[in-house]
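Read through the structures below before going on.
Okay, so chain A shows up in both of these, paired with chain B first and chain C after.
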Partner chain A sequence: MRLPPGINSKDFSDALKQFGEAVGKEWVFSSEEDTDLYRDSYSPFWHEDIEPIPSAAVAPNSTEEVQKVVRIANTYKIPLWTISTGKNLGYGGAAPLLNGSVVLDLKRMDRVLEVNEKNHYALVEPGVSYFDLYRYIQDRGLKVWIDVPDPGWGSLMGNALDRGGGYTPMRDHFDSHCGMEVVLANGEVVRTGMGALPGSKTWQQYRYGFGPYLDGIFSQGNFGVVTKMGFWLLPEPEAFTSGNVLVPKHDDLIPLVETLNYLMNSNIVQGTTTIGSPLLMSQAAAQTAGGAGGSALLMTPGGPTIEQLEKIGAEKNLAYWNCEIYFYGPAKVVAAQWEYAKQKYSAIPGVKFVDGKPYRLPLDSKDIEAAPKRQFGIPSLSIFGMMGRSEGHMWFSPIIPMTGEAVFEAQRVFGQAYHDMGVPTVSQLFVFPSSFFPRSFVILCGFPIYHDVEKNRRNREIFRGLVKAAAEHGWGEYRTHTAFMDTVANVYSFNNHALRRFHETVKDAVDPNGILSPGRCGVWPKNLRKEPA
Partner chain B sequence: MRIPERPNLRLTRARPVVYRFAHTGDFRMASRREFLQMGITALALPVAGRAAFSPAISALAGETARATFYRVVFDARYPASRAFASEAKMLGLPVRGIKGDITDLWFNDLDLRWEEGPTSIAGLSTKESLFCLDLLARDRGMRVVFRADHRFLPGGGLEHGLSGPQDMMRYAVTLGDGGADWGSRAASLVTRFSGKRSPSAGATIVAPQAKRGDDPEHLVSWVIAPVRPA
Partner chain C sequence: MRKTRVVLLLGASLIFAAATFAAPDESQIERGHKVYDKWCFPCHGTGVGKPGTDSLRQRGQNPAVLEERTDLTAPMIKIFVRHGVLFMPTFRKTEISDADLDAIAAYLTRNNKPN
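Moving on, here comes the complex of A and B:
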């Protein structure tokens, strides 16, 4: 029997029995066959003894059962690791951070409690996936949209609490939430915002309630178990259109992003945009295919020069940079917005535009197949069909300023970091940022996972090197794999780690026995806290 | 389908499944974790493969009855997978094609059916498609109970690495007959799933004459089934 740290087998057996009495013994899993299913499918510790493995899992079906489980865990001081649907692949999946934790699996709490079509919100439990809520809305013909990540099989609540993002105007998932119900470590239930008013009629409409606004501490946190969460939904727009903006020269990225900033912050362009490079991608494709020009150029020590690349771009009529931008709203308005965007971008010499396909909504069934589903809030698993030949991935995801200059600096810094760590410098060129969150860029860099201990160890070392390089330049990760939570938390060190010390003060107050997700995002309970290096 | 009396196989030593991973090129034993993730009991019987290759294979007494599946999934992009589906259809099983993306299969079919209760499915697909179906099935009380990795070898030939119920392994030898119809043979094999929990076993079979054609380097055939009585 695997045991939680510091717990003897008799106490653990007693606790498991009590968990069974609380939730039904068929919902307590302690065999290796069952608990191994909670291991990270994309673990960077594959085949290593240091891979954290749960000792058991418990699956309650209601807030009341969660309260009972938490009280039992508190009695025995058993660490719990909370998951919603356990699909946080690339960031740790369903696996705990602390070896031997009991997974608190909230998947059975899968009720859609309300969808309000007139005020455009939903209230859901943790186990409700994007597919579940999408089906609920479609089955009832409701005129509201959800916003989905890619893939769309995860939990709305789980993704939002990890501060994930999507693609429509509601793309910042935590920002789209309104109101929570939380079970605290002592088993007490708290409702935040207007939910603290009994019989509140605006719990999912007005966020802040009265007094200090707490919701943020339950995101990427371990101060409570969230058992209900409200989300604002997008009213189904009348129309959608898109346009592709292409610029010829390397330095055109600066005005490209500056104009994008203006358009996005003015709510003219909406949704997530990713900066791309048709020129660099064509060279990468040529390299993969063994084309002489492409492969020789990209593998030049130190990378090709800008002039070399711009020359190829001119010869092959390939834009150096592009961004596809999106518009949601009334048909006449989105058409006018695209025209306005073109007018603003026309200040860039040589700019070209490609009109996207306009859609009137709702989509006809014949349009759904070919439509860009994530821009329409339609969940999909198609991304798995595009996976490369690794055994998974983990994400390095720093936030950088939303400027062209910052993109160039990130290319230079990460390129140098890769070079210093012996990684091919071609990687420096492929720093393509996205606007998942307002007013900033996030760079999503996938690290492949292998079933090879040495390769994974090397990748972990490179990952840590990139975290350090990013921090030295004022960029922090917005989210990270459980394997690196301490590493990333450590760079948020202003004023002698004042933020962490504040987190620890709160943790000691609300969870003195340290039973809730120990170590999540670098917040450890007192009994497991190490002195910072 | 006639089982050849003298299988023309290059046999590997009977042992639990040996996996070759594309990046490392290394052969290594399947780990306990991989067995357990397939939802089968962890007792691996090293000699099970050897028994399947005995000269008495042509006289298979007490053949396992054919399984029925709610769906047999195939990837319409690949010849071997299409052959798998044709054989399954000939055996009276309902087939469903995908093209690498299981979204529609999941949302408009399996999610609805599994809401009513767990039921077995089988398929020959990419490992990414299986990965998705595996994780979705686990949420509904089902697991991958049989898996065969079919990998074309750089030097030629096709290696089948199998792991699953012992009583299926004696049919595994049919995969080694080297022909282009290995997909249809894999379909016949998966239908030997009895639905009963039994000790797990593994086998590795190499068909040196198999040609890749338009198939990818790696496909997997599999069975997903309930692990607890309904």
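Moving on, here comes the complex of A and C:
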């Protein structure tokens, strides 16, 4: 029997028995066969003894059962690692950070408690996936949209609590939430915002309630177990259209992004936009840089110069940069917004525009099949098609300023970092900046996972190298795999790690036995705290 | 030390070779169809953007859509669901229960021919 750290086998057996009494013994998993299902399918520790493995899993079906489990864990000081659907692949999956933790699996709590079509919100439990809520809405013909991240099997709650992003105007998932129910480490239930008012009529309509606003501390944290969460939904728009803006020169990225900022921050352009480069993605540019696709994306020492690349662009008629922008709303309005965007962008010499396909909503079945699903809040798993025949992946995902200059700097900094670490850039999946969140860019660097110890060790070193390189230039990750939570938390070190020390103060106050998700996002309880390296 | 998927896949191949025919149970098949639609179709179904289907097609599997195959066996299906393969992750019992997995297996083997 695997044991949680510091727990003897008798206490653990007693706790498992009590977990069984709380949730039903068939929902307590302690055999190796069952607990192996809670390992990270994309673990960067394949075949290594340091891979964190749970000692057991317990799956309550209600808030009351969560309370019972937490109280038992508190009695025995057993660490619980909370998951919602456990499909946070690329960031740790269902596996705990601390070896031997008991996974608190909330997948069975999968009820859609309310969808309100008139005020456009939903109230859900942790096990509700994007597919689940989408089906619920479609089955009832409700005129509201959810926003989805790339994989649709994730939990609305889990993704929002990990501060994930999507693609429509409601793309900032934590920002779109309204109201929580949380089980604290002592087993007490708290409702945030207007939910603190008994009989409240506005729990999902006004976020803040009265007094200090607490919701943020339950995201990327371990101060409570969130058991219900409200989300604002988008009223189904009348129409959608898109447009592609292409500019010829390297330096055109500066006005391209500056105008994008104006349009996005004015709510004219909505949803996630990704900066692209037909030129740098071309075979011709790649051959100049090193011969393989994608090798020109970063500016590496000894690589092609901007002048060389611009020459290729002119010869091949390839835009140096582009961005596709999206509009949601009344048909006349979205058409006018695209025209307005074109007018603003016309200040860039040589700019070209390509009109996207206009859609009237709701989509018919033919359009649903062919449309870019994520822009319409339709969940899918199509993203996994871009992973090739890999054995998993993980993401390095720093936030950089939303400026052309910052993109240039990122191309140089990460190109130099890869070069210094002896990594060919072509071996990395580098995704250009995207506006998953308002007013900043996220860069995504995908790391393949192998069933090869040395390759994974090497990739972990490279990952840490990128975290360091980013931090040296003022950039930090918005979220990370459990394997790197300490590494990333440590770069948020202003004033001698004052923020982390404050987190620890809160942790010690609300979870003195340190039972809730120890180590999540660098927040360790007193009994497990180590001095940072 | 973690068990390797290579070994599991080898095991799956052996099970594949020893495919047997079981009489279909209509209610079990119907239940399996529903579970399949919820859990498997988004990756292994027909249409655009089905990475499981695309991956199987790339390795020469014909048909690539699981529902159209007649050579799958229940043990093989269970190994893949519980252990994953390549970018397909494991599925826990809180997601697909053992009973639901039996039903998926009944559905995906419904058209198998007797040996």
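What we mean here is this: the second predicted complex is superposed on the first by the 508 of 533 C-alpha atoms of A that agree within 3 Å, B and C clash if a C-alpha of one lies under 4 Å from a C-alpha of the other, contacts with A are read in each partner's own complex, and residues count from 1 in each chain.
To be clear about the criterion, contacts are C-beta pairs under 8 Å (C-beta built on N, C-alpha and C of every residue); 3 or more make two chains touch, one makes a residue touch a chain.
Being a predicted model, the structure only gives us computed values, none of them experimental.
> Based on the superposed arrangement around chain A, label chain B with chain C as either clash or fit.
Chain B and chain C clash in the superposed model.
> Quick check on the superposed pair: does A:42 touch chain B, chain C, both, or neither? Answer first, second, both or neither.
Second partner only.
> Taking the superposition on A as described, I'd like to know which of chain B and chain C A:59 touches: first, second, both or neither.
second
> Just checking: does A:398 make contact with chain B only, chain C only, both, or neither of them? Give me first, second, both or neither.
A:398: touches no partner chain.
> Identify which of chain B and chain C touches the larger number of residues of chain A.
The partner making contact with more of chain A's residues is C.
> Touch test for A:209: chain B only (first), chain C only (second), both, or neither?
Touch partners of A:209: none, neither chain B nor chain C.
> Based on the superposed arrangement, let me know which partner A:370 touches: chain B (first), chain C (second), both, or neither?
A:370: touches chain C, not chain B.
> Applying the touch criterion given at the start, work out whether A:450 contacts chain B, chain C, both or neither, answering first, second, both or neither.
After superposing on A, A:450 lies in contact with chain B but is clear of chain C.
> Name the stretch of chain B, from among 7-15, 43-51, 79-87 or 151-159, that runs into chain C once the two structures are superposed.
Looking at 7-15, 43-51, 79-87 or 151-159, the stretch of chain B that collides with chain C is 79-87.
> List the residues of chain A that touch chain B in one complex and chain C in the other.
Chain A residues touching both partners: 36-37, 39, 41, 47, 85, 87, 107, 131, 153, 379-382, 384-385, 387, 389-391, 451.
> Can you check the complex and tell me which residues of chain B touch chain A?
The touching residues are 19, 21-24, 26, 31, 33, 36-37, 39, 41-42, 99-103, 106-107, 111, 126, 128-129, 131-132, 135-136, 138-139, 143.
> Under the touch definition given earlier, write down the residues of chain C that touch chain A in their complex.
Chain C residues touching chain A: 1-6, 38, 42-43, 47-52, 54-55, 58-59, 82, 84, 86-95.
> Within their complex, state which residues of chain A touch chain B.
Per the touch definition, chain A meets chain B at residues 32-33, 36-37, 39, 41, 47, 85, 87, 107, 131, 135, 153, 379-382, 384-385, 387, 389-391, 450-452, 455.
> Which positions of chain A touch chain C when the two form their complex?
Contacts found on chain A: 27, 29, 34, 36-39, 41-42, 46-47, 49, 51, 57, 59, 85-87, 89, 93-94, 105, 107-108, 127, 131, 152-153, 369-370, 373, 379-385, 387, 389-393, 451.
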